[in-house]
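Quick notes on the structure that follows.
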Amino acid sequence: RSIFLLVPPSQHQVIRREIRQLIPELIGEFLGMWYVMATATAITCMLLFYNPSPFLPGFLGLALPWGFAFTFMVFAVGAISGGHFNFSVTLAFACFRGFPKWKALPYFFAQVLGGICGTLNMWFTYYPVGYQIAAGKPLSEATTVAAAFFNNADLSEYTTIHSFGIQAFYTAFLLFVIFAITDPYNPLAPGANMFPVIVGFLVMQLGCSLGMINQFTINPSRDLSARIAGAMLGMGKTALPGPGGMLWANQIGSMLGGISGGFVYEALVRPFMPRVEELG
Amino acid sequence: RSIFLLVPPSQHQVIRREIRQLIPELIGEFLGMWYVMATATAITCMLLFYNPSPFLPGFLGLALPWGFAFTFMVFAVGAISGGHFNFSVTLAFACFRGFPKWKALPYFFAQVLGGICGTLNMWFTYYPVGYQIAAGKPLSEATTVAAAFFNNADLSEYTTIHSFGIQAFYTAFLLFVIFAITDPYNPLAPGANMFPVIVGFLVMQLGCSLGMINQFTINPSRDLSARIAGAMLGMGKTALPGPGGMLWANQIGSMLGGISGGFVYEALVRPFMPRVEELG
Amino acid sequence: RSIFLLVPPSQHQVIRREIRQLIPELIGEFLGMWYVMATATAITCMLLFYNPSPFLPGFLGLALPWGFAFTFMVFAVGAISGGHFNFSVTLAFACFRGFPKWKALPYFFAQVLGGICGTLNMWFTYYPVGYQIAAGKPLSEATTVAAAFFNNADLSEYTTIHSFGIQAFYTAFLLFVIFAITDPYNPLAPGANMFPVIVGFLVMQLGCSLGMINQFTINPSRDLSARIAGAMLGMGKTALPGPGGMLWANQIGSMLGGISGGFVYEALVRPFMPRVEELG
Amino acid sequence: RSIFLLVPPSQHQVIRREIRQLIPELIGEFLGMWYVMATATAITCMLLFYNPSPFLPGFLGLALPWGFAFTFMVFAVGAISGGHFNFSVTLAFACFRGFPKWKALPYFFAQVLGGICGTLNMWFTYYPVGYQIAAGKPLSEATTVAAAFFNNADLSEYTTIHSFGIQAFYTAFLLFVIFAITDPYNPLAPGANMFPVIVGFLVMQLGCSLGMINQFTINPSRDLSARIAGAMLGMGKTALPGPGGMLWANQIGSMLGGISGGFVYEALVRPFMPRVEELG
């Protein structure tokens, strides 16, 4: 390391070093998304496969463990990869927080790959119960069961453009809070490394606000990985791209919303945070 | 800054500086209330618009994310504006904690404006589901649906004066605890910037205690903004002023209660907190 | 203060000083129990007075805010009085943690008095709903309603001696954990002043374990104050002493259990905590 | 102690010292498992013995206090024994974190013994309610009641090898997170001694993911102790070994999974944690 101070590394060496650093980051995002999808979509299975459901009508029972799946993975690999597990988060950090832009697409790829593995892991866990229930039922209910596996049922009340707006708004809320609690200039940001817990509560809170609409993805990586896994397991077009253009509403709506939420924080809140010398 | 020590600023300069400082504070209260109303009243929509409700009968599932809406916003803008989001809090801090009295009314205005925007944001999210449900129903149920949008249904069991008393008592409890956990002389106040989480749990706890009565506002800003948004969307007098004088019970009862709760803490608890020199 | 180092205070002065110190402690216990009973018993009212209940069947929704009532009060007055709000806690601390034994009975008195005020406060909040429900019902259900006000319904499945055992066991668990998380020699005790939150979770956890049996008092002060308030409001012997000797089972069982739980911690765990010099 | 630096202790002395140190560790694991089983299995009793159940359909209400049982015991005795309460944890720490291998079996023995005492304690608490319900019911439901006492009902949808896989996968998830939040090289590990709370949330989250399948033991000590206690109380082969080879699926599956989860963390995450000198 001290050699670098004397002889600056060649561009070739810099690139090799950055790629060497990228690999554990992608492993982190991959493992994290695996865990999130394997445990959190399983909660939906318990909700839909048992009668009476052990969660219905307690949506909090769904949303709280959903949120904590992210909490644990931010604790586990956040120090390596940043713990995004959501391409909207990756994009917003690339726009406003100096996350290297060229890493965004590899991150998306690792997140989706991990999510697919996690969804298949969940499928291994629940298919005996799920297929048994789906077996004796008409197609519409079997679709519900399938949707439980892949969490991407689409509600017909909403137009595509309306869904787009909702994904944008609530992903903006998500990123606004994430930007606030990870802002080094925010003197009220959670201490004692407690911000991953706040992230979990945040996912829970937004889930309790709009969980029944469009399956509250507000997360392009999680949405896409569940759809791909669904297609791999024979759901076909019901999963990917899904009915009514919802794929694009969820993907693009969430991405633009995430960037907007980060922008609002950076433009309207961060400039007014007390400077260090004022805190004195 | 060091110049000020030599030449004291003119009164004109002081006022300009304070107004320049006020603007980000009002932006903070505005954004915070937007978030609170947009996410938290949406929880009520999920409670009332789906059948079976994903929350009924789990009131905790309603009250916990309600509370955490405040948690996240205190984290986000608390360092700028104090994170009141409730005119009773603003008033109590103005009375006993040195918050500038002349800022109270602008704060109220910003809180209500943010709350109106948040309520309209929620309306954008839920109107396709809400109107679909309201369409085929008799008026009384449609009113319930409307009330779900604006969270100000009024129970007929209670007289106005009784509601006044309840709002006063429980806002007093709210402020008593807020004063305690933000008291710099309290050696047991939450550390590691965890007090916004405690605020969230507190709103949850009081919500679980009296949420079915008068919609547990204990918050004039949130009550008024939901009523105004309701009137803007065609609910008329059902929303503003609402039946039976409840507007005044909620507004004045909560304000007086908040001041009383702060006073009880300042008079009966704070004077007996161990002094720094005793803690050694 | 420095004078005391030169001239030791007379015994008369010492007693006067200790009594002067006792008054804010009693005020703290009084206010804390007021808050606990006013908010927490109100949760039971929401459980029993509304149909469908907003909590049934979510017992967690009852037990979590119950627990947090204690959390907030330990934050608020714990630095002054210790935040017992439970005579079993007072007794165990008097036996093993140097709490002055002569203060135990005044603490009990303040706790019960605060609990009575809190219960009456809750009664003021809920009587219009409660009486309306009780009005059209047979006596047995009206008793349930009354019991909801005062939280001391007794289950007939249990003998007095069995109830005594249960109160003893679970109060022992309560004190075992309280002793652990407040042990200055415990290097894993919660930091950042988070132990009041743990106390809240603990009350929740024990409530979820045995809340349906004997109304999970494990707290003589809370049990007695609800019974006295019940008698004051015309419930007569149903409230005080209540059927089947449960008063004594709850009171004495809980006290002995609390002392036992503290003893187990002090005898089997505390001696083996790493000494400061080992922690380096 | 300073003498040891001059004259190294004989092997005999070393062994005696380690055995003397082992005793409080076994007491800690014993007391901890007693508490866990006495309080947490009692939650299941409240779920199954009351009608309507105070938890059904709120599985969160079951899983959250289950998790916190571990939280409180890690706070209480974690500084002495490490707070395993799960032989899979003991094994994984023995493999990768330097826990002395020769202590693993004594730990298992103490955990199971404590778990048996806790289960009997729970039986003392609930048998009047449980037997009353079981009395008037056909055998199948009585078995459910018995299973509620001992938490080891087995679902017929799953083959033994499938159950083995599920136990392995989810115990791996459990250990992966436990290794992460207790890793001294992880700069994002929870501060302020909050990791026992995260352990509680983790058990809750995994319980909400697969609690209905194989009763979410992912814990050989808890599984075995409930089965032995069941046999002691007359359940015979229904409890031990239980139907369908589930005993071995739970025991061996969980052990291998725990070791695998620890291995994945140690191999794929820990090597990439920022070194202290990088954190500066």
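To keep things simple, chains are lettered A, B, C and D as they appear, and every chain counts its residues starting from 1.
Here is the rule we go by: contacts are C-beta pairs under 8 Å (C-beta built on N, C-alpha and C of every residue); 3 or more make two chains touch, one makes a residue touch a chain.
As the structure is a prediction and not an experimental result, all values here were calculated from the model.
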For the C-alpha superposition of subunit A onto subunit D, the rotation angle in degrees, rounded to the nearest 5, equals 90
Greatest separation from subunit A - chain, by CA centre: C
Specify, for the interface formed by the sequence copies subunit B and subunit C, whether it is same or different in terms of residue numbers shared by both sides, with half as the dividing line. different
Can you work out the whole-Å distance between the CA centroids of subunit B and subunit C? 30
Centre-of-Cα separation between subunit D and subunit B, whole angstrom: 42
Residues of subunit B that touch two or more other chains: which are they? 56-58, 60-62, 191-192, 194
Could you pull out which subunit B residues touch subunit A in their complex? 24, 27-28, 31, 35, 38-40, 42-43, 46, 50, 52-58, 60-62, 64-65, 68-69, 71-72, 74-80, 83, 121, 124-126, 128-129, 132, 191-194, 196-197, 200
With touch defined as at the start, can you tell me which subunit D residues reach subunit B in the complex? 58, 191-192
So in the complex, which bits of subunit A are touching subunit B? 56-63, 155, 157-158, 162, 165-166, 169-170, 173, 176-177, 180-181, 186-192, 194, 198, 201-202, 204-206, 208-213, 264-265, 268-269, 271-274
